[in-house]
Structures are given as structure tokens and as C-alpha cells.
Amino acid sequence: MDVLYFAWMRERIGLPKERVETDAATVAELVTELSAREDRYAAAFADLSALRVALDQELSDFDASLAGVREVAFFPPMTGG
Amino acid sequence: MDVLYFAWMRERIGLPKERVETDAATVAELVTELSAREDRYAAAFADLSALRVALDQELSDFDASLAGVREVAFFPPMTGG
Amino acid sequence: MRIAVQEQEFDLGAESNAFADRDTANGAIVTFTGVVRDLAKGNLDRMEIEHYPGMTERAITKIAEEARARWSLGDVLVIHRYGRLVPGDRIMMVATAAPHRKDAFEAAEYLMDYLKSRAPFWKKEITTSGAEWVAAKDEDEDALTRW
Amino acid sequence: MRIAVQEQEFDLGAESNAFADRDTANGAIVTFTGVVRDLAKGNLDRMEIEHYPGMTERAITKIAEEARARWSLGDVLVIHRYGRLVPGDRIMMVATAAPHRKDAFEAAEYLMDYLKSRAPFWKKEITTSGAEWVAAKDEDEDALTRW
């Protein structure tokens, strides 16, 4: 699946988008996998309460299933308007 | 003093403005005087709850004093906006 | 603060741009525009708006000053037409600028609620079946109780 | 309904006039415009707005459709810029048309409250002392609870 990062998540991870092969069943499992990769991932995902997740461009939750999902995006709370 | 009429008050009385010499102490006394003049005045002032009054261009009440007042206006509830 | 009581048309777009250009210190700008509607569904020929010259400007100024006392506002604009208008014509507009959107919205609603019931304008509708003064609505008077 | 997510400037006046011209059946038109403010008082060089192409349009469309389901509305307009903006630049605008002013005001406030916290935009402020992502405010999240 594609994993996208926006705002300071993009800056901390160091890239806007990457292709990830995973067997993670939920967003939380994917976060655990990514956090185990490198310090920059662990640091970026350290405080989930400061993060939001979208699955296929719809806001979702960290305990949501990844079944059939093609695009996961992580970002801080939005500041539009 | 000058007495002004607006909207359907103007139409019922038949004029927009007139000079009135009066000893009325309050708006209510002036209304009684005017109503006694002719049927069209009596009809126009029949239902005071459907009327508003302004003294020297400030909204006021029917029991307000006319002392020092130069301009009295009678009109229906406003429908601006 | 700009208050205009006028017979001629106004340009909503030009007024909106001029208002926003005058007040760049505030992050939130709200406008409200009132348009003549054909409530009688195809029967409205025109509307005639009467007002009380002198008192109208005083009343609107007082309403606008009250709004500036109640909310943290930048500039305020009120334009209200009188005379003859046809369906689709813009009757009036208000604009408010504020540091915060909540203040700009509330002040604009306040201005509208008070203009409806406390500024000396009277609307008459001329339809194919005759002429009638628009009656004040209880809901417009009730709207004032929330402030 | 017109939704535009764009890098280039928009003309508040031209958009307001076009919106009002498109929808003459409704008597009440409300616009809200957001302007880049220099909250750091003279230090703000520019703002950079990032967004999530694809999701942004979907999220705004969903918010606008929700507003049309909740209120009796005519047309709805949302324009939101991304990219580089400087103090005084207009970031975004919404416009609502409705038969009644209360609906037009409430729907515009609803659009703003949801755009603030549910549309995927992120603001970064570049000041003379560095660059910082704007933090979401608790009050913006709290604003959603009233709907």
C-alpha cells in the first residue's frame, strides 16, 4: 500500500510518500511496524494523540482495519480555514 | 411641533408631515388629541400596539413626555434588512 | 465605519473588495447581502422601500456602535437602499471584520437582527393583485432577545 | 455548488458577485473570507499551506453536502488556497445562499468550523525567527460540538 505523510510528519520521516509491503491488519499494527524501522519513525509516531490517520482519503482511527485499503496517510491535526 | 407619518400611517392620515400646536404633555395625550380630529386619524391610531413612535428621531414610548420635543413620528413596526 | 443609506444600486463585489482592502489587520471578514425575493412566486412586480431620512442614519450608526462595543471588531460596513427595487435586486449589505471568525459572524448577525426591527425602513410589495405593506414578523422581534 | 482548491489568488469581489448572480432565488447571502494575519506582529514573512490533493476536495465536498442536508440552502461556494501566502493575502472564502438569513449564517459558520478541523490543510508560518507549523487549537475542535 501507499503510505503518505503530511506537514511535520513528512518532515520528520523525511519523505512525502512510500510504498510499504505489510501484513498489518490494523493501522495500529502498521504504526508498530513502521516505528520499529528507524529512530525517525519511532520519533514521528511517538505520540499518537497528536496524529490523525486517513484510509483511502477518509479520516479514520488507529484501530481501523487495513483490509482492502490502498492508501494510508498520517498527519497532524488539520489547520485549514 | 412637527408630526411625521410613515408607511400605512402616512397613507391613512393622507399626509407625510404636519405642524401641530398642542399642549399635550405625553405622546398618549397627543394621540388622543389627533384621534379626536377626524375619522381618518381615529382609524389610523385605533390600535396602538401596531404602532411605534419616535421622538426627535429616537424610538420612544406612548407614555413618554413631550417636553422639549420638536419632532414626533408615528409608524408601523419596521421591516428593514 | 461606513454607513450608506441610498437609492441607487451598490456593487456587492466592489464593496466587498474595498472593505477587505481597507482592513487587512483582521483575519476574518463576514458579509451579509439581502436580495429582493419574489415570495408571491411570479407575482411580485416591485418593492418600494420607504425610510425616515435622518433617523435612519442615526439608528444604523447606533446599532453599528453597539456592535463594536460588544465584539472585538475592526471595520463595519452597512449599506441599505430605499425606493423602488425589483426581484433579484440587492437591498442591503453588512460587512464585519474581526480578528476571530466567531466575532465577525456574531456581529454581522447582530447588525442584521437590529436592522430588521430597529432601523426605520418599511417595505411595500406591489404584486399583480395589488399593493401591500410587508408585516413585521414576530420571529424578527424574537431574534433580538438572544442578544 | 462550486469547490475550488487552488494555488492562485481569487478575487473576493468577483466571486461574491458571480455567486449572487447565479442564485437570485434566495434572499440571504453570507460570505466568509479568511485573511493571512501577522499574529507575530511584524515578524511574519510568509505562510505556506500544504494540503492532501484528492482528499481535500472529497473532504470539502462532504462538508458542503452535509451543510446542504442540514439547512435549507441554495448555492454553496468554497475556495481554499494552498502554497505560499503573505500577510494580507486572502486564504479562503465560503459563500452560502438561503431563503432565510439564519440558515445562510449557520451554514457558513458550520462550513468554517469543519474546514478548520476536518479539511486536510496544514499551515506553516515562516517568521524572522524561523519556521513553525501552526498548532491546532482546542477551541477549533470544541467548535464542532455545537453542531
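Order of writing sets the chain letters: A, B, C and D. Residues in each chain are counted from 1.
Everything below uses one rule, namely that a residue touches a chain if its C-beta (ideal position, glycine included) is under 8 Å from a C-beta of that chain, and two chains touch if they have at least 3 such contacts.
Note that the coordinates shown come from a computational prediction; the quantities given were computed from them, not determined experimentally.
Centroid analysis (C-alpha atoms only) places B farthest from chain D. In this assembly, the C-alpha centroid of chain A lies 72 Å from the C-alpha centroid of chain B. Distance between chain centres (mean CA atoms), chain B to chain C: 26 Å. Residue numbers of chain B whose C-beta contacts span two or more other chains: 81. Across the assembly, chain C contributes residues 34, 101, 112 that each touch 2 or more other chains.
Contacting chain pairs in the structure are A-D, B-C, C-D. Chain C meets chain D in the complex at residues 11-17, 20, 24-37, 87-88, 90, 99, 101-102, 104-105, 108-109, 112, 143.
Across the complex, chain B is touched by residues 34, 50-52, 54-55, 58-59, 80, 91-92, 112, 115-124, 133-136, 140-141 of chain C.
Of all residues in chain A, only 4, 6-8, 10, 54, 57-59, 73, 75-81 touch chain D in the complex they form.
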